[in-house]
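Below, subunit A partners subunit B and then partners subunit C, in two separate complexes.
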Partner chain A sequence: MLEIDAKGAYYRDLNRQVREAVARGEKEIRLKNVNGQYYIGDGLRGASVITIEGVPGNDLAAFMDGPTLRVKGNAQDNIANTMNSGKVIIEGNAGDVLGYGMRGGKLHIRGSVGYRVGIHMKGMKKQAPTIIVGGCAGDFFGEYMAGGVLILLGLDDRDGAPLVGDYLGTGMHGGVIYVRGEVDKDICGAEVGVMDPDDEDRKVLMESLTEYCKDFGLELEEVMKKGFKKLVPVSSRPYGNLYAY
Partner chain B sequence: MFKSLAPPEYLATIDREKCIRCKRCIHNCGWGVYSWGGDRIQINTSKCVKCLRCYHYCPEEAIEIQDNPTRFKQNAYWGFHQIRNIKRQAETGGIPLTGMGSDLPYTILFDNLLIDACQVTNPSIDPLREPMELRTYLGKKPSSVAVEKDKSGRLRLKGKMPPQIKLEAPIIFSPMSFGSISLNAQKVLAIAARECGIVMNTGEGGLHEDLYPYKDNIIVQVASGRFGVNPDYLNAGVAVEIKIGQGAKPGIGGHLPGEKIPLEVARARMIPVGTDALSPAPQHDIYSIEDLRQLIYAIKEATDYKPVSVKIAAVHNVAAIASGIVRAGADIVYLDGFRGGTGAAPSIIRDHLGIPIEYAIAAVDDRLRQEGIRNEASIIAAGGIRSSADAAKAIALGADSVAIGTAALITMGCTTCGKCYTGNCSWGITTQRPELTVRLDPEVYAERLINLIHAWVHELKEILGALGINAVESLRGNRERLRGVGLDTQTLDILGVKPAGR
Partner chain C sequence: MDHDYQKDISGCGLTGLISRKRQRKSGGDIVKSLCLMNDRGNGLGAGYAAYGIYPEFKDFYAFHIMYDDPSVRWTAEEYLRNNYHIEKIEEIPTFPVKAIPISPLLVRYFMRPLKDKMVGDVQEEDFVVNSVMKVNSEIEGAYIFSSGKNMGAFKGVGNPCDIAEFFRIEEYEGYIWTAHTRFPTNTPGWWGGAHPFTLLDWSIVHNGEISSYGINKRYLEMYGYRLTLLTDTEVAAYLLDLLIRRHGLDIPTACAALAAPFWKKIDAMDPEEREALTALRLTYGSALLNGPFSILFGHSKGLVGINDRIKLRPLVAASKDDMVYMASEESAIRAICPSPEKVWAPRAGDPVIVELED
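Up next is the complex of A and B:
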């Protein structure tokens, strides 16, 4: 276990230390006193486990390919931007535009997230990303979605706030979104169909949520008690009729 | 079915006397114009796009393609295509698509600029017998240079030089993705780029494994769809380009039509087969210059600080935007002008948004100089570079290098028919249909593209020689060596060019 004190560190120096440690074969790294440093885990490869104490800055795990990051608190915007593989666990809330163009790996958030989460996630056969949000989400959740799995749980008491914002899955042309609870068709993009999950879906949910619950010490049974809705694109070519040839 | 009231654009005819019924036209046409009628070739002329593939492969020269002589009544205001588009829209409710750059008769500034030459008072140079330097380095240049002696007493540069892309000529290939063009077309670009010591650009469609051997001559692109972007990809080329906009379709995203998404393209982009590949209009992680800076440095962190280029469409406020891009940390600003090409764009956007590249180069070069940051980034100018003369004029206006797309495709057989969005290109360029792409032999066509670059290099050297300068460096931003013909005072002022005669 390597400990790096990030107090007052410039992001470039901090990330260089992390990269060098990973290159040396360091399996476990703990970053202490992180306070807004950008790009932690950016483009990082290998199988290291990095624990982050404090609030990491934007673009956490951007382009990341393999490692596991656990944030012991809240995190900011652009997490898992175009991430390829690996895992990011956020114990608190996170900001906007998470998992943009994500291509693989997992992003587990215990709390709530902001706007435009999971934009243009993509997948091809087994290479597919998963984002699971424990709380609620803002507008444009799963916009342009082309592949992968997005799960929204709404576990916490929201004090009347909506589970998810407007334009849910707008422009969706691949992948699947699962929402724990009811989904009002009026908030969805025109390209989305809302249906009940089948056995295959329940298998995906069980598998994904077993791991999620383990990450945060939650009861799987408790999470699965409430019903889910499944959102899929009604057409793989939502804009096929937009043009005159 | 209701017959379309939009008349065919072209009329394909076969001279029946000459036709030997060899059926080569049927085989070669990707559009389905020709079919076998039992004893003769049948023609469905409404499908013809005048790409001339059949004409070239007819052994008897029996085929003639002309603009459809049966047109609407001639009208100086209501043009053929305006009426035709309305009829098509009335029938489909759709947005007419188009390919390549705008062909509308807006003023072409390049054709109103002339280059100086030496006479008597300063000698011209003969490039065939004297050294002539076209080598160009793209990237951030230090604001001052200092030298120091190393241990052995030899002079060396003090401090670290920012990373540079070395080009043997100030001409590169513009971004064209696997998807918009075929893999064979990309291979032509890659082979030619390596042979000529220049670079090609992947566009937004990932980097096919067959192209990895050419990595020293490739710029990889990151755009709003993030197709094909992973750490291997980012580190594969000599630089990474963030695409914000494209001259042919400023401010809008891309819809690579489902017709051009077979399995291999789908796999490269990680999207379902046959779907439209959607590139969102903005990159949703970039809503400001500060956000752009964030992505630039996210890429630099992931690539151990490779040069980053930012490509934008030339729009009204291009100078201020370019200044922001440079201040955000870009090493290269890629300006794509109004005439820039595309694989698919709504024609209403292509023909009516943006500004021509000539204005943009001058405005951006001026602004960066005024702000004292011109050295912080190189400028690539693109969008309708048709000849080495256009290239020389662009460089004299302030560009470091030009990028060519359409000109490169023309060497592969393109006849600028502008139907790239259909995926039926009979020349095997803008299609993914295997029976068509196989026609484009990369080695054979690369030879033609290499010839073009070599020819332009010779021409550029002749132009420099006539100007009495022996390095392209001395032409860069040297607007004193340009004169305007028939341009108004304000245009001349914007271009920073004197009128001919002054």
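Up next is the complex of A and C:
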């Protein structure tokens, strides 16, 4: 295992060290004292496991294609932008615009997330991304979603905060959102239908959450105790007539 | 410069801190926090504001003025001498920094208005505001960029670290600090355009762009404000002065006018609240700040952080003991407070209001 002390390191120097280590075939890397360094794991390929101690900067795991990143604390904005494959595990909270245009791989967050999570996520057949959020989420969850799976669990005491913010799934035209708990139709985008999960959905949930629970040492049974709602786009071209008048 | 200039966009990084118990902190912390976000700016503007830095002159208005040309100084000072008792004049202490080869002449004044110049029922603070507007719009090449009591703004064209070194920020001690690094996109990166923007003891740092600048500007002009600094953020400083000081709104109400809830939310409120918010939106429609923003505003009694209504710019807050921190990035807070007791992301449009203890 390789340890890199990131204390005070400029992001370019830190990321160069990481890339060189991965190119050498280093399978396990631990970054210590990270604070605010941008672009960690960006465009990285291979199967390395990188543990990050501290708060990584914005644009973590953008375009990442293979590796596993585990963040021991909170993370910031713009994680997993256009990520292709691999996995990002965040033990704390994360910020806004996560999984922008994400096209594959997994993003597992134990805590809560900000606004616009899963925006423009996309997927096709087996190439599909999954984001699972353990806490609550801000407005525009799954905005313009085109594919993949978004799961929101609301596991923790929210201190009065809503499970999910307003404009849920606004502009959604593909993929599926699962919310553990009830969903008020008033907060959903016009094109979103709220329904109960079927057997196929339960299979997807079981499979995704088994892995999620393993990542964070949670009891799957506890998580599955509460019912889920399923959100999907119910109109294929909701704005087809927008310019037709 | 032409104060009818209309373009208005900026994008940036900001940070602020407050000791609720008024413990004065050296500028070292805020510099460290801002410099961590160096890459959010592009070297075309950085600045700091601090409260509690001039205790020996706390009853005087501290004017910080930049002069494009030393000859302008005499014109401005003639005006000041005619209208103010000037307790002290000095050049703002600076340190030579390689990366800042040229700078305006920077002078500060500790003053109070001459009683016989305040005719009628003009209040002292109105008199000061009028002076700032007059100098900034009528004396070519002179800009008052700070005019509060026991506080000051320090700003210019450069990177956060260079501007800090230039103005010797670490030598000041304040109980509220805000700071900003700028990434101007289509307005000039000039000394007056750096943040913070201030008026009296209001200071603003801002990340984003205020798309409603034109409406806000015309609204403020009706009340005698003149917008001279070529940047959108200027409207936020003057709107706070108008809404809070002149119209007497409290801070939560002023925030609800600047970042008003959407009608959809207002319609879902209890009747009393709905009526109040409806009246506020109708009265202050032209004060509504539209477009993406996160803003920190400091004043003599506290620090406030606020986002636009759909959170199009980042803002993170944290607290430890009597300290509260707010910044564009959590790492900028952890750079100076590695283990906060609480870290949270304020919700869109919900202000974080922190007040000093008496």
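Just so we're on the same page, the second predicted complex is superposed on the first by the 244 of 245 C-alpha atoms of A that agree within 3 Å, B and C clash if a C-alpha of one lies under 4 Å from a C-alpha of the other, contacts with A are read in each partner's own complex, and residues count from 1 in each chain.
Just so we're on the same page, a contact is a pair of C-beta atoms (placed from the backbone, for glycine too) under 8 Å apart; a residue touches a chain by one contact, two chains touch by 3 or more.
From a predicted model like this one, the values you see are computed outputs, not experimental measurements.
Novice: So, does A:Y38 touch the first partner subunit B, the second partner subunit C, both, or neither?
Specialist: both
Novice: Which holds for A:E91: it touches subunit B only (first), subunit C only (second), both, or neither?
Specialist: A:E91: touches no partner chain.
Novice: Output check: A:Q127 vs subunit B and subunit C. Expected answer is one of first, second, both, neither. What do you get?
Specialist: The first partner, subunit B, only.
Novice: Just checking: does A:F63 make contact with subunit B only, subunit C only, both, or neither of them? Give me first, second, both or neither.
Specialist: Touch status of A:F63: first partner only.
Novice: So in the superposed three-chain picture, is A:V55 touching just subunit B, just subunit C, both, or none of them (first/second/both/neither)?
Specialist: In the superposed model, A:V55 contacts subunit C only, not subunit B.
Novice: Check whether A:A146 is in contact with subunit B, with subunit C, with both or with neither, and answer first, second, both or neither.
Specialist: Once the two structures are laid over each other on A, A:A146 reaches subunit B alone.
Novice: One more residue to check, A:D215. First (subunit B), second (subunit C), both or neither?
Specialist: Touch partners of A:D215: none, neither subunit B nor subunit C.
Novice: Output check: A:G138 vs subunit B and subunit C. Expected answer is one of first, second, both, neither. What do you get?
Specialist: Only subunit C is touched by A:G138; subunit B is not.
Novice: Where does A:N74 make contact in the superposed view: on subunit B (first), on subunit C (second), on both, or on neither?
Specialist: The second partner, subunit C, only.
Novice: Could you tell me which stretches of subunit A are touched by subunit B in one complex and by subunit C in the other?
Specialist: 38, 58, 77
Novice: Can you list the subunit A residues touching subunit C in their complex?
Specialist: Touch list, subunit A to subunit C: 11, 35-36, 38, 54-55, 57-58, 74, 76-77, 93, 95-96, 114-115, 138-140, 161, 165-166.
Novice: Tell me, which parts of subunit A touch subunit B in their complex?
Specialist: 12, 15, 38-39, 42-43, 45, 58-59, 62-63, 65, 77-78, 81-82, 84, 97, 100-101, 103, 116, 119-120, 122-124, 127, 143-144, 146-147, 171, 173-174, 236-245
Novice: For subunit C, which residues are in contact with subunit A within the complex?
Specialist: Against subunit A, the touching part of subunit C is residues 36-37, 39, 264, 310-311, 314, 316, 329-332, 334-335, 343, 345, 347-348.
Novice: Report the residues of subunit B in contact with subunit A in the complex, numbered from low to high.
Specialist: Per the touch definition, subunit B meets subunit A at residues 85, 88-89, 91-97, 222, 224-227, 229-231, 234, 255, 257-258, 266-267, 269-272, 274-276, 278, 280, 284-285, 294-295, 297-299, 301-303, 346, 421-422.
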